[in-house]
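Letters are used for the chains, namely A, B and C, taken in the order the chains are written, and counting of residues starts over at 1 for each.
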Amino acid sequence: MDSASATPPAAGAELHALAGELYPICRSITGAGTRATLDTIARFVPLARTEVPTGTKVFDWEIPREWNIREAWIANAAGERVVDFRRHNLHVVNYSQPVRARMSLAELRPHLHSLPEHPQWIPYRTSYYRDTWGFCLTDEQLQALPDGLYDVCIDSTLAPGSLSIGEAVLAGESSDEILVWTHVCHPSLCNDNLSAIAVAAHLARSISQRPRALTYRFVFAPTTIGSIAWLALNEDKVGRIRHGLVLASLGDRGAFVYKRSRRGDAEVDRATEYVLAREQSGSVEDFSPYGYDERQFCSPGFDLPVGRLTRTPNGRYAEYHTSADNLEFITPRSLAASLQTCETICSVLEGNRRYRNLSPKCEPRLGPRGLYSNVTGRNPSEFEHALLWVLNQSDGEHDLLSIARRSRIGFDAIRTAATALRDAGLLEALA
Amino acid sequence: MDSASATPPAAGAELHALAGELYPICRSITGAGTRATLDTIARFVPLARTEVPTGTKVFDWEIPREWNIREAWIANAAGERVVDFRRHNLHVVNYSQPVRARMSLAELRPHLHSLPEHPQWIPYRTSYYRDTWGFCLTDEQLQALPDGLYDVCIDSTLAPGSLSIGEAVLAGESSDEILVWTHVCHPSLCNDNLSAIAVAAHLARSISQRPRALTYRFVFAPTTIGSIAWLALNEDKVGRIRHGLVLASLGDRGAFVYKRSRRGDAEVDRATEYVLAREQSGSVEDFSPYGYDERQFCSPGFDLPVGRLTRTPNGRYAEYHTSADNLEFITPRSLAASLQTCETICSVLEGNRRYRNLSPKCEPRLGPRGLYSNVTGRNPSEFEHALLWVLNQSDGEHDLLSIARRSRIGFDAIRTAATALRDAGLLEALA
Amino acid sequence: MDSASATPPAAGAELHALAGELYPICRSITGAGTRATLDTIARFVPLARTEVPTGTKVFDWEIPREWNIREAWIANAAGERVVDFRRHNLHVVNYSQPVRARMSLAELRPHLHSLPEHPQWIPYRTSYYRDTWGFCLTDEQLQALPDGLYDVCIDSTLAPGSLSIGEAVLAGESSDEILVWTHVCHPSLCNDNLSAIAVAAHLARSISQRPRALTYRFVFAPTTIGSIAWLALNEDKVGRIRHGLVLASLGDRGAFVYKRSRRGDAEVDRATEYVLAREQSGSVEDFSPYGYDERQFCSPGFDLPVGRLTRTPNGRYAEYHTSADNLEFITPRSLAASLQTCETICSVLEGNRRYRNLSPKCEPRLGPRGLYSNVTGRNPSEFEHALLWVLNQSDGEHDLLSIARRSRIGFDAIRTAATALRDAGLLEALA
């Protein structure tokens, strides 16, 4: 795939540095950490911000109270902080209500979460819609806690506020949109989802700096409640979404896995499947209703053409949703290749067209138009094959992507041939 | 498949005992033996009886004279009965006309049938629509017959009478029917078809004792002319047949073979294919117009959704239509598993539904409805996956069976999830 | 395939002899050689001749000036003819303009074409639409040419004239046509295309001598400009073409390769695929817009059901378009088998029908109609299976070819069964 917009080699380091910059922030589905994250992304592309107030009804859901946290710790009888949120954001169960108490280990125990199968990792736990609190710690820490009294402090607030969404619309020749959706609610987890945040921010910047055949809509928002809120507030706009990609987990060392939209044969499905097959860089799976925000876009009442691009999907690697999903788990090389693949997919989606052959009865003469070698008797070049394929298939039914697939000629070569034929007056582009 | 109606372990012995009880009776497409067989079946489920008189026109056919036989033998010059119907029903060609004669071996020879490739087995031969007579014997017997004169006696009658059909209709919530068809015309052949008679009789009893979402129609009748007669007499009822199964050869040690209906994608085809694949208990074949009574149900003028379930199909085992298809050839274990599989298929057909998601825009909240764990960060349970699949696919197009197949979650789990969602007001059942 | 019209064993020698007779003629897309070739073909089947004048507009093209050549040579300073058209037609670039000049080897060199990778073969080059001239020679000849002055002579004419097409229409019961198209423009190349000329001429003669269910249209014409001209002049007739075959390269030792029509599932595609699979004599490929005259028939403005039968396709053998495509490269055995396969395909296309079962409810009785054995209990014969298949599938939707494929019974047996059923009043043929 000889795409014009090649990712420069230095991109991997930049992408990884951005993940590193965002890593210390404690994010959640609402709150200051998420807003700080959007501020950082806005350095790459201007973001329109939407604040959805607590209590707003969004379909079957309601925007929860906003959560903010200052500190959280467990101290032993000697006053030593044996677990401290300052050391790792994952130590506190996300959305814990405030607590300040002294209790025995037995009383504390139901509030402690660890991973016995990975005794040195801290698990990631949330409790958005239940009033409770808790701490996460390594199983080694947990096992080492002696009986006794502990002081527990979670200095958090759950109060009316808002849910934050950042959005960049980059207008193109057509008002038809490519939606690129990235969730921003996870704290200190690198593959899920600082990797995709970094890729999407760079992608948005890169695309903002070039002409666009289609309009792009980049949205950065919390997962589930964020996409539900966005859909509820933008129901009038979903008809513009011609293609959509949910980006997640794009930094690990695994191959790409594309999950098809619910429709299964949307143009974004065909384009991404084509790109991954052509680059032998990953595989494709059918839609399933478990995952990230594609769940909402592909709910039966919307059924939008939105697929999901990841490397190793959620739940299929041990480090998933643990402290081991750290900056070492993601690599500059993977991040750079992810950005490049996203750009290639976008390039195919923008370049894909249907044409009508204006000289459909028999082949038109290509030689006099400077498109074909005049000494024959030899096999034609790939460009000449591409011309023949485009002419033959341009009956208004087949787009360039389907011609590329059928002919096994690269999409860029097919697009170049189509452009040459259009310039020669032999094709007209269809809407 | 964790079906509710599990076949008890003792069923195999009972099924085999019923086959043993029916084995000595000489059945044919008409006559006393067939009526005696229906009497026995009626102990399991009440049977409405139809007698179709000789001469009745049924489509292109006509009900033949009724055949009854009392004795049949060949005696040598010494008066010894060298072949005797009392020893085995197969010794006489089924539907032989009466004969009482003395003749040389040379004259007798064209009336004698044996199986040289299996010299100790008696073949099964019929001659329903040609006025002739004959004997079947082992090839060893045949080769041992010395030249000389023989006395031949077939004390049969071919006279106006009727063809007998037994039928049990078990009403269900819906008047849509599952037709279960079993042929009862074969004498002293165990796999073909005492095995299926035993399975169908037990199935009818079991289903008669439980609530039914659909109406069941069990028919026991002779093959070919029986189904032709039934269709001719019940043409006004065939529109009710939503699913149909022809049962045959269900006692041998082979795996199940399901033959699809002529339509190929009828619900009974999808359901049975699903059950056999899920249980890894057999394979599926495309429709072909040779076989048992599915030939008539799937003739182009009817084209009913009727498939056929057997173990090893007719003609694919050496013992087929010979005296070696005896009580040792069928096993209690196979019979019990056949009954269980029939019950599972019926359970899937009765449980299959299409629903409409009443909250189709984004996912509804499952936690507050008690359907979903509130502490997230872990992978959901199979039940939670089933809920998501049913919600996502319930757009009115997909039935539960298709959701089970696509999700690779068991049908029972999918059905349980659908019921829970319906009870929570999130789904409505479609007609 | 037990086709009635079997190719006699002597056919191979006759076919090869015809290729040998045509080999010395210098053909091109216009001119005397092509007319002489049509004269020879006309010995096998009367040909209507069309002469399309130079300058005639045919779609995007124009009939070029007519090319004729008398002699062409290169002589060294000693007057020796080092390259001479009399020794091989390929020595002159086809459509060379006239030239008479003395020049140095350096000046001559750009006009000389050889094949370094096959130093003993002369390449075939053409220059129909560019005013130039040239010679082709073996690379050994080329390398051996010393520096010095050379006399160059091409005694050709490019003048107003016409393009020649020969056509035989053999009327059948139906006016629907099978088009058999063969290109006749290549000089002294045996596989491409004297092989197909020989096969098509014999096929035309054979078919002209038997009854025909369909009308045949055999066309012999130059490639590309010939089919474009024919389509331009016969646009009103293309609606009659129900099936079409472009024949080419039918003499080499390779297996058959059938290239599907652009439609991909035309009856000729299904029939040829069936014949090749049944005879295990070749493979099938999807349509592509590079090749022979199928390019024009399958251009999107026509999209006719025309496929292409070859053995090894153009460009996939080293001898292609070189002097090594000579009389040794094609074999009597391959030519005879090609003729036989063409006859079988035509036979299937003519015999293929759709019928309607006039007794569609249940099976009709076949025994009383003399079509079925009366002693049952054994497996039916292939003929009996064929009867059952034809009856079952004859609902007006399925043609005999689809029944043959689905039943895995040979087409001839299926056709025989259908004829017997029609004669028994059980089927009616559909239009």
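Note that in this section a residue touches a chain if its C-beta (ideal position, glycine included) is under 8 Å from a C-beta of that chain, and two chains touch if they have at least 3 such contacts.
Since this is a predicted model, take the numbers as computed values, not measurements.
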Subunit B on subunit C, rotation in degrees - Cα superposition, rounded to nearest 5: 120
Same-site or different-site touching of subunit A by its copy subunit B, using the half cut: different
CA centroid of subunit A to CA centroid of subunit B, Å: 54
Multi-partner residues of subunit C (at least 2 other chains): none
Of subunit A, residues touching subunit C in the complex: 357, 359-365, 367-368, 374-380, 385, 388-389, 391-395, 406-407
Complex contact set, residues of subunit B against subunit C: 58-61, 123-130, 224, 227-228, 231-232, 235, 262, 286, 288-290, 295-296, 298-303, 315, 321
